[in-house]
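As written, the chains take the letters A, B, C and D, and residue 1 is the first residue of each chain.
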Amino acid sequence: MAAKAGPPLNSTLLIGLYRQMLILQHLEKRLMELSQQGILRGSLHLATGQEALPAGACSALKKEDAITVTYRGHGYVLAKGCDINRVVAEILGRRTGLCKGKGGKMHLTDIENGLLGANGIVGGGIATAVGAALSFHIDGADRIAMTVFGDGTLNQGATHEAMNMASLWKLPVIFLCENNLYAEMTPLSESAPVTELTKRMAAYDIRALRIDGNDVMAVRETVADARRRAVKGEGPTFIEAMTYRTCGHYQNDPGTAYRSKAEVAEWQEKSPITRLRQQLDESKVNGLKAIEDGAMKVVEDAIAFALASPEPNVSELKEDLFA
Amino acid sequence: MTSTFPQAINAALHAEMKRDKSVIVLGEDVGRFGGMFRCTEGLFKAFGEKRVWDTPISESGFIGIGLGAAMTGKRPVIELMFIDFSLVAMDQILNQIAKTHFMSGGNARAPMVIRTQGGGYKGAAAQHSQMLEALFLHVPGLKVVTPSNAADAKGLLTAAIRDENPVLFIEHKQLYSESGEVPEGEHFVPLGKAIVVRPGKDLTIVSYSFTLTLAIKAAEKLAAEGIDAEVIDLRTLNPLDWDTIAISVRKTHKLLIAHEAYGRCGFGADLAAQVQEKLFDELDAPILRVCGEDVPIPFAKVLEDASLPSVEKIVERARELA
Amino acid sequence: MAAKAGPPLNSTLLIGLYRQMLILQHLEKRLMELSQQGILRGSLHLATGQEALPAGACSALKKEDAITVTYRGHGYVLAKGCDINRVVAEILGRRTGLCKGKGGKMHLTDIENGLLGANGIVGGGIATAVGAALSFHIDGADRIAMTVFGDGTLNQGATHEAMNMASLWKLPVIFLCENNLYAEMTPLSESAPVTELTKRMAAYDIRALRIDGNDVMAVRETVADARRRAVKGEGPTFIEAMTYRTCGHYQNDPGTAYRSKAEVAEWQEKSPITRLRQQLDESKVNGLKAIEDGAMKVVEDAIAFALASPEPNVSELKEDLFA
Amino acid sequence: MTSTFPQAINAALHAEMKRDKSVIVLGEDVGRFGGMFRCTEGLFKAFGEKRVWDTPISESGFIGIGLGAAMTGKRPVIELMFIDFSLVAMDQILNQIAKTHFMSGGNARAPMVIRTQGGGYKGAAAQHSQMLEALFLHVPGLKVVTPSNAADAKGLLTAAIRDENPVLFIEHKQLYSESGEVPEGEHFVPLGKAIVVRPGKDLTIVSYSFTLTLAIKAAEKLAAEGIDAEVIDLRTLNPLDWDTIAISVRKTHKLLIAHEAYGRCGFGADLAAQVQEKLFDELDAPILRVCGEDVPIPFAKVLEDASLPSVEKIVERARELA
């Protein structure tokens, strides 16, 4: 990639992205363990193999930008700037969590950092992001919204409606589609006649790009460019980021019943973390060990913080229903 | 000043948009055209295209957009042309909007109003005549407002727009042609306060929205028969003004609830369950209800009339009680 | 049109279509009067100027085919073969109506004649038609489904979902879109960025054609061809039929606040009925007066039948809730 | 034969698909994969791709497709993975399917089953834990079935599939891991018949679905305290088996209703309203309810547990009554 574009490797930037990806990878590994130990409740949707997307995309956003993500969005939550201690505490249902333990991991929300919500409903948060973009457009602000979702989400009516309006009104919003080829256990080709998702944007006249979602710099640059266009009033961009979750759909899915071992193995080879690591190695960037250790520590500290945090009080049950 | 109900709504919208530039309006035909029921007349002209948005026929989409706008500092007032159409947007209303504040542990807010219109008696048939407030009361997180007259429409809408929470504001199509005295200038009727519109001692009739106007007529008829009914206009169904109801039931010891929505799992069932639980020893008779019948609303006039509340039905049930 | 295609004018066919269009035109004129007189309750959505569509489209269908239509679908209901007496009786809320007065004009339904329902919800009946097509596909039957809707209906999520599945499964269904340029008072260009509706079908890989919806033979032939393809397993066809309602959206809308007089007048010129009449005249087809008189009589008889019919009994209120 | 709840569902599906070739199955991941909860396992293999349809994530679409198929001779059984997702398909369910037969004056039918899954206690949070039966009871036109055990699941599903009407069939996620004796071969439990699962004389506890299992445990605890509770499993909420309830209340004169759904405008409120109206003089005490609290279902275990019914809560309320 550096070869293609020509500019000198920005090692500070790359190291930052690498670190972000490692944090996510390590956090999710640990969450899986906590789930298996019965400490983490409910279903857990990991993004193993997709780590370049949150890291790359959020690095191109500003704090004032708004995002909505899904149940598979831990990486964005962290990369957008939410405090990892409070994120993990929420995932473990603690009072110190982002949402006081009320929302849980599918509903991580942090207005301060522009996180308008993870979501448990497929397509449920897309209009929210478009609405934030409407706000920013009205204000003429240098702010945009980004919404992240999977390939299967394009089949939901709510997505269609929101995209149509976003384009009609030329709102500053980025539709970041993580095309990991499956929606739960159903391959894309069995849920839609048009599997090249960019083509579907013809219905809305939305600028659409397909990129390698495992190339963190490509993700970053594409989002950055889309952001620039959005604030200039050029309207939304749809980014189809090709990727793959090498893990299962959720903690109890080994991910093997509906995919061949060869297919999974092929994508494991393409892990964005390995790839970036190779680039860094090739460029002889130093100090990676410290970065890696630092990333582990951040995660371990956050888990320790969460585990040491109190559970909510029953007396808080009826609070926060109305403002 | 005498105004029609839509004029009263319109006045509140004009005033609040002027007062607070974060108030924006979205909906089908609300802009250039001024709204199917004329409630948004003149707003587009007065406030321009950045404040008043004509939307495509995408209720789930534009209600969801309202949420995103509300979470980022706007106060959207959305017109949903018929409450029956809420059913294409239920995920946004009940899974997203109603839960936003709670799920975020209080860090996010959704100060928005969904203004909608419901009710029967006009031959609009099964998909354009419903009163569906119960669906929005069942799933927690929304305030639900049901004005019965033009003045309250203005005052309650003002309060709804200023509220920090999502509010479902249900207008009744039969009320659109009614007029009444409406205070000029700012008029604020707080959410959650019922009003005794007719004091009485023999029984309590609790109602709201258009059915309230039937209840008042019924009370007049009953008075002629020597039955002195107290009539309460709830105005807001959530929050519920329990005290006003309890005081009245403690006085009359008899309760009749009248509303147009389907009876089963309706608002009346809920209030009856609460009252019999909390005021069991105060009751001299079973709590009775006049509701819409539990069938889709039929088109033919005789059937539609038979399926909905009427002055006569209220009078009859009240007689049984008194 | 005869000139273009070359085949000799099939005057029996054309006269039949002409008669069908006249019946619709006259019926709607009379319904408007009944509405103004307060005899017909509720809102009334006329299709003045769009008469070629129901006549042409239904003439290409078989009795066994299924259709779903909208509040503006009186013409299809009649052309599909429903008994006009019972249709008008339903519109007037009589016990002898198609639906015993319970459904009313927005919900005309007649399973016998393949009318799976008019609908009051924009986009509400599209999936129903796709479901009927699924039935026919499973049975390998020589039957198809057709669903009729307006331009504005493409912005509804339900439409999107149903179209995607129809194409995915190559179901025998025709999407007949009456593009009359407005949804209520909102022009198409203000509700969608892509106003050439056929383009939106790229999202579903659905064969899409734009035709002159005021040319009754073009409508007939396009539907007939789409039907042939559907039963052969070639999947759905989307027909964007350009037309215009020269009346208002509903009985209380003069249709002038949002459209220029010139625009309306221009389309009045293009009335499909006038146009067909001219063709018939040019081809010196005889006996039109009798046809016209016959059409009037059918309508007047139906209205007389309906007005003479009893209203439902209150005792019937709770019937038909469950089968 | 001992079966798990999903196996019982699966057996009914296999048997009915074999018996009647108009039965088809649609849903997300129901085909090749066999269903997220294994209820449709083996159907695709046994009946092939024309009978078992894997759908895109388009609930409104495939439920609406079910309606069209039902109107043209099929008997679709649709799996809606979580009842919470019904909110994206409400127009199809409540405006279309529920009203089809009535609006057509009886000429159209919609014999279809929507099998879905709801309920809490698993840390699935606010959008994956709800019990929303009240929404489907409020708007008329649907049968609503809520089995509490594997045997009933098989028998009631068989009845639901053979019914000529649309049926919402609600399974509870907590029950999926339960096993029980399930009759082999054809097993048919008619819709609309409740069952007294534990006779008693001091009070009546009415419940259904997973909460019924809590009610039984509560009754055992109460028995140890000398309180003899009669426990009724409603099995079907619409049609409601009023007679079984009335006979019991006439005997015990005290009623407790327990369910997991939100209380406000919930099933319990409705039943309480009906019972106090029709059996006012039979009641020795207010009708009490144990319901889900009126807040979105929280994620953290202590909060979720506090928001949902428990054996203890049922025992406590029963003690208040007895």
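One rule holds for everything that comes next: contacts are C-beta pairs under 8 Å (C-beta built on N, C-alpha and C of every residue); 3 or more make two chains touch, one makes a residue touch a chain.
These numbers were taken from a predicted model, which means no experiment stands behind them.
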Mutual neighbours - chains that touch chain C and chain D alike: A, B
Furthest chain, CA centroid comparison against chain D: C
Chain centre separation in whole Å, for chain C relative to chain A (CA means): 46
Computed distance of Cα centres, chain B from chain A, in Å: 40
Between chain C and chain B, distance of the C-alpha-averaged centres to the nearest whole Å: 36
Overlap residues in chain B, where contacts from two or more other chains coincide: 55-56, 58, 60-61, 84-85, 87-88, 91, 95, 99, 102-103, 125-127, 140-141, 294-296, 298
Touching two or more other chains - residues of chain C: 99, 101-103, 107, 119-121, 124, 155-158, 161, 164, 168, 190-192, 321
Pairwise touch network: line, ring, star, complete, or other: complete
Residues on chain A engaged by chain C in the complex (per definition of touch): 155-161, 164, 167-168, 190-194, 199-206
Sites on chain D touched by chain B in the complex: 60, 84-85, 87-88, 90-91, 94-95, 98-99, 102-103, 125-127, 130, 132, 134-135, 137-141, 238, 261-262, 264-270, 272-274, 276-278, 280, 285-289, 294-296, 298
Contacting residues of chain B [partner chain C, same complex]: 28-29, 32-33, 36, 54-58, 60-61, 84-85, 87-88, 122-128, 293-296, 298-303, 306-307
In the complex, chain D residues that touch chain C: 24, 50-51, 53, 55-56, 58, 60-74, 76, 91-92, 95-96, 99-109, 111, 140-141, 143, 164-165
Interfacial residue positions of chain C with respect to chain D in the complex: 66, 68, 97-103, 107, 109-112, 116-117, 119-121, 124-136, 138-139, 145, 157-158, 161-162, 164-165, 168-169, 319-323
